[in-house]
Amino acid sequence: MVEVTVDDRSLELPVWILPGHADGSMTIHLGYGRTRTGRVGSGSGFDAYRLRTSRAPWHVAGARIRKIAKHYELASTQLHSNIGLAPGPNEEPGFGVEGVEAERRHLVRVGTLEHFRQEPDFAQHMGHTPPEGLSMYPPWDFPGYAWGLSIDLGACTGCNACVVACQSENNIPIVGKEMVAMGREMHWIRIDRYFEGELEHPHVHHQPVMCMHCEQAPCEVVCPVGATVHSSEGLNDMVYNRCVGTRYCSNNCPYKVRRFNFFKYNDTETPVLELLRNPDVTVRTRGVMEKCTYCVQRINHARIEAEKEERQIRDGEIQTACQQVCPTEAIVFGDVNDPESKVSDAKAKPLAYDILAELGTRPRTSYLAKLRNPNSTLEES
Amino acid sequence: MSEPTASTHERSFPPPADLDGLQSKAWIAAGIGIAASLAGWFLDPTQFYRSYLVSWIFWLSVAAGCLAILMLHHLSRGAWGLMIRRVLEAAARTLPFLAILFIPIVLGLEETYVWARPEAAADELIQHKAVYLNRTAFVFRTVVYLGVWSFFAYGLSRLSLRQDRTGDATLFRRMQVISAPGLGIYCLLTTFAAVDWLMSLDPHWYSSLFGVYFLGGQGIAALAFVILVALYLAQREPMAGAFNAGHFHDYGKLLLAFVMLWTYFAISQLLIIWSADLPEEITWYLERAHGGWKWVSILLVLFHFLLPFLLLLSSDLKRNAKALGKVALLLLAMRWFDVFWLAAPSFEHGHLSFHWLDLATLVGLGGIWLALFLGQLKTRSLVPVNDPYLVEALDNE
Amino acid sequence: MSQIFKPSTNTLARVSMFGAIFFLAILAWVLVTLNRSSLATRQGIVLQQPVPFSHDHHVAGLGISCLYCHTTVEESSFAGIPPSATCMNCHKLIWNESPMLEPVRESYRTGRPIEWTRVHDLPDFVYFDHSIHVAKGIGCASCHGRVDQMPLMYQAESLQMEWCLECHRAPEMFIRPRTEIYNMEWVSTDQETEGARLIADYRVQSKLSCSVCHR
Amino acid sequence: MHDQPRHEPLEASSLFADGRSSRPLIEGTVARGQLRENRELYTGLDAAGQFVSDLPAPVTRELLERGRSRFNAFCSPCHGRRGDGGGMVVQRGFKQPQSFHQVRLRDTPVGYYYDVISRGFGEMSSYAAQLSPQDRWAIVAYIRALQVSRNVPVAELTADERRQLEELASKVPGAPETVEHE
Amino acid sequence: MTAPGKPPIVAPGHTPGSVTDQISSIVLTRMPRWWWAAFGASFALVMMLLYALTKLVFEGTGIWGLNIPVGWGFAIINFVWWIGIGHAGTLISAILLLLRQEWRTSINRFAEAMTLFAVACAGLFPLIHVGRPWLAYWLLPYPNTMDIWPQFRSPLVWDVFAVTTYATVSLLFWYVGLVPDLATLRDRARQRLAKITYGFLSMGWRGSATHWHNYETAYLLLAGLATPLVVSVHTVVSFDFAVGQLPGWHATIFPPYFVAGAIFAGFAMVITLAVPLRTLFDLKDFITIRHLQNMGKVMLATGLIVAYGYVIEIFMAWYSGNWFEEFMILNRIQGPYRMQWYALLLCNVLAPQLLWIKRVRSTPALLFVVAMFVNVGMWLERFVIVVTSLHRDFLPSSWGMYAGTRWDWAIFVGSIGLFLALLFLFIRFLPMISIFEMRTIVPKTQAREPDEVSP
Amino acid sequence: MSKAATKPEFALMAEFRSSRELLHAIEQSQAAGYTQLEAYTPYPIEEVWEALGQHKSKLPLIVLIGGIVGAFTGYLLQYWVSVINYPVNVGGRPLHSWVSFIPVTFETTILFAAGAAVLGMFALNRLPMPYHPVFNVPRFALASRDRYFLAIGSWDPKYDRRATEEFLLGLDPFEVNEVAS
């Protein structure tokens, strides 16, 4: 921890050094350090208002910083220091290995406009994509709807709106700092952040990751009770009430998008919280696995309405919660069997790619590679 | 019963005279086979090299398997092994000759192995393995495998012969001490040999069970061969009086155990690869499930496992030398199919086809090998007469 | 050594061995039966209600349609329990002094709803939608039984998953013309052919995927 | 998960004094997308505040079918299936409503019927909670159809219909009168 | 038949009568004082186990150190460890019987009991490791009102079948082996209750020729069935991992490698228990140096197979050219759990090499030390397989770390307590050496007629 | 045993000190024409049952049948569950995933076969039978220690209380006892 002193006011704070932050400066978040916000808010964080004056509400110059002998645990879902740099000579072996690995595994695929002009489908050649239909099993047909989703990495700004929208749509419990610190965060969609380039001025890439709804889902095969199986429309169904909680599915999920209720996370006692919850989504109890469902309650609702009117579901009629809130419209959901749908359109683009395609999982969620158009002179400097 | 009794020395077990006749027949078969193979080499060198590789691996697995079973026998000191020890030793002593017979494979390396071809340089994955999969290293390793095996084969044979002469009761202990690390080294080397000779035919594919699977197959090949030789010997003096139903019962049980083991490995590998369905692993099986290869796969399931397994369950059959011989013959034939099934789909990536060169090289190499084997067999007494366990072995019920 | 056991122990020993097997079989049978009995399903059990409302009287006796009270059955997942106002449509003039109906009047006066005891209570992890079933030709009586013959309401079917699947696996055996949805007495003369025709006419897709009911 | 801490429709809630989890709409609030701007459609009144005399929707067979099913479910208990006010509830002592077949009501504009369904009349309560505006108009249309059905001049009947009518009359002496007045 | 230069499998001077008396007297007389102390100590651990389990059921798996990349931890490690240990008993009995290795006789009963108790401990873990243990019965195929069945493609269902079959068959095998001895105890017991109990359990065994004939056939057949069963059980356990896609789990070598590891661990545990027991109960005449030597050899052989597995795993990871595989190995060698990996190599590969030396094989104390190394090493092996593979898998963004909590440890240690407690009860109430089989081999090892015995 | 006086005895039983004596006695009894013999030994001795003419046990057949039943039960259960009763797409695997069905089929095979072996053995041995006349002989307790017994059943056509006893005594037993029924 450090002590920050501005004029005669000082505050003890934990620090987190991130790449790309301007030298000689620090960012302090306001809004924390509260004392009377109830169970969740009280005692969390540090009250930065103590450093703030009405004369200089947003920027303060001349702050002094001093290291103090205290430790404070920070909980983060992105503790993975994803820096695309090899470990330095003085660093512990393994440091920064995540970043090196992320790059080597072609999870985020980025190109420049120049690159794109030369080779439009460059993203599809970055990893190993097995030939289509290569499998030991006879193919399954999805004759009706086939839901799919596409995420444009170029559009994603990492704002986290999708994470919050998903949380409120799907009755996802808030687990608190302790659990997050143990690696038990409960998000059905997460935004993986990767830094690329030099430590001083890295490029930051954001990649939202949710259940890929793999057509050959590794999670399903290993479930002993059939609590996660495929629907006729290609959804990777998660049946909470059938789940006994072996966690085998999570272990076998290459994307690690499944979340487990290690404790009874949902508060079942406080009546006011009952009003908060989406009545169309199960409130999960302890001991069951959960994950992104592509907002299946919305799909079902749309299907029922369409069936009552004896028509097809229209493209865009179903919006997943994450899609609905995405300010940059990076997320597109729809029927991939419909060649006219927006999602089919996105998936047909040359930039489209699947992550970990080499595992033959055939994800229904795919990505559009990120394109940058750097000004070469600016980039140099 | 703990001391060798005098009766052992009274009996001697010289090789029967008609082994010579058999050997001549083997040489004739070898001549015909080799001539045909040479003709094939002129007509279709690629096919010749491929067929030759399959045939060579088949005969090698008989010989090398005999070495493994010999060491297993020394280690376990079971009475079952004594009656066939000389057969095993003779087969194992052919290993250096098989090394010479490997030369054509080296000459045709580019015809059989993708990684040895110039276009392999364009393949990223093969380039990754180039440190391991290159001509020099490949030949060097094969020489090491056969060299080390031959070393053990001759070492054990020499001690065994010395035991015949001196009757030194401590020699069996020395053979045991050699066999313990010997078997371990053997298994390790065979694993790598299987990778080199067979697995690398499809240089993109890998399976860590492959070596063990090949070992299991070798056990069957060797045992089946030994049972056939034992059956042949048991019909002639002096061994006619020595072999009894109990011995064949033991061999049958061992054969059953190896059939089960082989099946176990085969199923394990299939099940693991099938369940995970990883694109880089399944191609190997897909090749063997299409284009006619499916029928070979089914053939292997039925006749390499199911039928022999069911037959060998019966103790009456195991005690009946002739019936057991028929099962052994079937299994030996299936061993060829297995090696063929392991190798051939990776050459062409296409339809199943048999070529007459498959047969020609099999007969040619087989003739040579059998002749060499018989030549080795007839140099010694058919039973290690001074082994302390011999009486027990002869009494075996 | 001398005898420890009497000769009769032999019979006892054998009988007890077979008895054990028999006992286990009986136990299994009892468990299976109990699991499907009304103890587990509440099937056929009349529950205590604040007002002894008789469907028999209102439906069979007066010929009031299901829809008159359960108004949302065609539109929403939930068929709807009528507000006291609906009762009062008639009961402000009829039986308007009956003590039996006092809770209704009180509710109407105060605006505090009558607390009915739920008869058809699916677990909360099951998402049943009335509207689509009604739209696709599944009559009220198919699931709720002959409500018109129930003086007091009870659960007519087990509502267990196997019961749901029975219909979802073979909807043609249960479907009826849309015009007969609220007809309690309707019976098909030729369910199999008629059913198959209706399945095609109504574009019925009987879903068996888990997420159709569980989400 | 059998009983989850969230609200099923009409489930009880311990949070509110009246025990209801389904909260009544607060006065004056309008749900998203349900602002009712079309005055004629939603009130049955025209710009001048007079009852509209034309249906605000095209009269189709479907509309009439819909109207019939709604009428039979919601109106017939009192008004009777024929609209003459002899429903089952009336037979049990409810105040008898007027017959739709009176000349006065035949001439009343459709907006009036809509208004009565929506807001009630006399002992009749409002059916706005049970019936959507569209359904109410459908019922109005059906009432009109009922009224017409009693007043077709014989000349307008087809030959076939006339024959049927005569057959009926021959079987039941004085049938037309009894039918008319029951 | 005794080979030259080998210690005998029964000490000289024994007769069928003396063997019968000595072994049955352990059961029929009072237990020594240390037994009570040892049993009490292990029983205390059982109580701790119960406490921890209660806590677990009421609060949830969250009390363990699990998290999302590492969804399996101590529970599965312990399961595999125990089930591995549970392989030696049936294997010793079955395979050695089939191979006509008579030295098995004096250790088979005790090893089989060990199998049963280890399987009982192992069986506990899959049950408690699930999030909702009260629903674990859904893994069984039974007619139910949901019309939903187990998902037979899942290795966990195979596990259920394999482990229950194994437990059942081991129990039957053990019980069948016990029947003639129960008859012996019935004939020797003094107290009426003991007589009736042993008499009831022995089912009226008379030892007639007909009995023995069918009995021997059954026993041999059971051995023949149990041998592939033993192999299948750990194979199925290995499928729990190998069937997945996870690097470090998905390896075709796993089945034989796990089976060898199981036998390795099982023999180590037999030695761990046999060495003290033969001293404490004065059974050196029956569990001789020869037995210890042989078990040492089996341990060495299986240890070498396990080492072979390590070598092939590393080689194939490189040879595959699959970066995920290569990274998995690199992460074992230099990742955060590298110490566990090195310790595992020390325990499982280096320590057993001492067994090449005959002095080590024939010195009980040294053998015991090596066995302890192997016990620890095999636990570490499962730790490495489960945790190091999971904690860094495909997407670096979801990597994590894992450490057991005190509840993890309490349950692990508690399960050892349970195992020991059951074992102590076993030696209290049942003959830990097969008496009738000892009677069988005594005449062969002792070239003399049995003595006159007064009734 | 007062009962023995009133009821006809069950058998006569001679006790021997060694298996050789027992084998010899069996041979002699058979030579003398006795057929209803039963021998009791403290441990299995193949020669004894061979001498009594028991060669093949029916048990292997029972076990084989058990195994076959088990294999079919296991496989058909899985097939019915996965293909017929509730076919579900699980991770794109075929409904009839025969490869995945191997382990369970194997386990049920073994389970049924082992069950058949144990139950078959008890059935063939007519156990449980806690009471048996031979237990009436006090010294029979030694049959589970180190003594060998030969019993000649009283239903043997050649059986004669006096003559048989004399015959048995002539075989040099340790003792001859009457087995009360």
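Per-chain numbering from 1; labels A, B, C, D, E and F assigned in written order.
Criterion: a contact is a pair of C-beta atoms (placed from the backbone, for glycine too) under 8 Å apart; a residue touches a chain by one contact, two chains touch by 3 or more.
Since the structure is predicted, the reported quantities are computational estimates derived from the model, not experimental observations.
Chemist: Taking touch as defined above, what minimum step count separates chain C and chain D?
Modeler: Step count on the best path from chain C to chain D: 1.
Chemist: Looking at the contacts, which chains touch chain E and chain F alike?
Modeler: Chains touching both chain E and chain F: A, B, C.
Chemist: In this assembly, which chains make contact with chain B and also with chain D?
Modeler: Joint contacts, listed by label: A.
Chemist: By C-alpha centroid distance to the whole-protein centroid, which chain wins?
Modeler: Centroid comparison flags E as closest.
Chemist: Go through A-C and A-D and name the pair with more C-beta contacts between its chains.
Modeler: Result of the comparison of A-C and A-D: A-C.
Chemist: Compare the CA centroid of chain D with every other chain's and tell me the farthest one.
Modeler: B
Chemist: Centre to centre, by mean C-alpha position, how many angstrom separate chain C and chain E?
Modeler: A distance of 52 Å separates the two centres.
Chemist: Could you please state the distance in Å, as a whole number, between where the Cα atoms of chain B are centred and where those of chain E are centred?
Modeler: About 35 Å, centre to centre.
Chemist: In angstrom, rounded to a whole number, how far apart do the mean CA points of chain B and chain F lie?
Modeler: The separation of the two C-alpha centroids amounts to 43 Å.
Chemist: Using the average of all C-alpha atoms in each chain as its centre, how far is it in Å between chain A and chain B?
Modeler: Each chain reduced to its C-alpha mean, chain A and chain B end up 56 Å apart.
Chemist: For chain C, jot down the residues that touch at least 2 other chains.
Modeler: 1, 4-5, 10, 13, 77, 123-125, 165, 208, 210
Chemist: Could you tell me which residues belong to chain E and also touch two or more other chains?
Modeler: Within chain E, residues 147-151, 153, 155, 157, 186-187, 199, 203-204, 228, 235, 239, 243-245 contact more than one other chain.
Chemist: Going by the contact rule already set, what residues in chain B reach two or more other chains?
Modeler: 271, 273-278, 280
Chemist: Determine which chains touch and list them pairwise.
Modeler: A-B, A-C, A-D, A-E, A-F, B-E, B-F, C-D, C-E, C-F, E-F
Chemist: Help me check something: in the complex, which residues belonging to chain A touch chain D?
Modeler: Residue positions touching the partner: 171, 240-241, 266-269, 271-275, 277-279, 282-285, 288.
Chemist: Show me the residue ranges of chain E that touch chain F in the complex, using the header's touch definition.
Modeler: Going by the criterion above, the answer is residues 15-17, 20-21, 141, 147-153, 155, 157-158, 161-162, 164-165, 168-169, 172-173, 175-176, 180, 183-184, 186-188, 199-200, 203-218, 221-222, 225-226, 228-229, 232, 235-236, 239, 436-437, 439-440, 443, 449-450, 452-453, 455.
Chemist: List the residues on chain F that touch chain B in their complex, please.
Modeler: Against chain B, the touching part of chain F is residues 64, 92, 99-100, 102-103.
Chemist: How about chain A: which of its residues touch chain C in the complex?
Modeler: 144, 229-233, 235, 237, 239-242, 280-283, 293, 296-297, 299-300, 304, 307-308, 310
Chemist: Can you name the residues of chain E that touch chain A in the complex?
Modeler: 59-62, 65-72, 129-133, 135-136, 138-139, 148-151, 153-157, 160, 240, 243-246, 323-324, 327, 334-336, 390, 393-401
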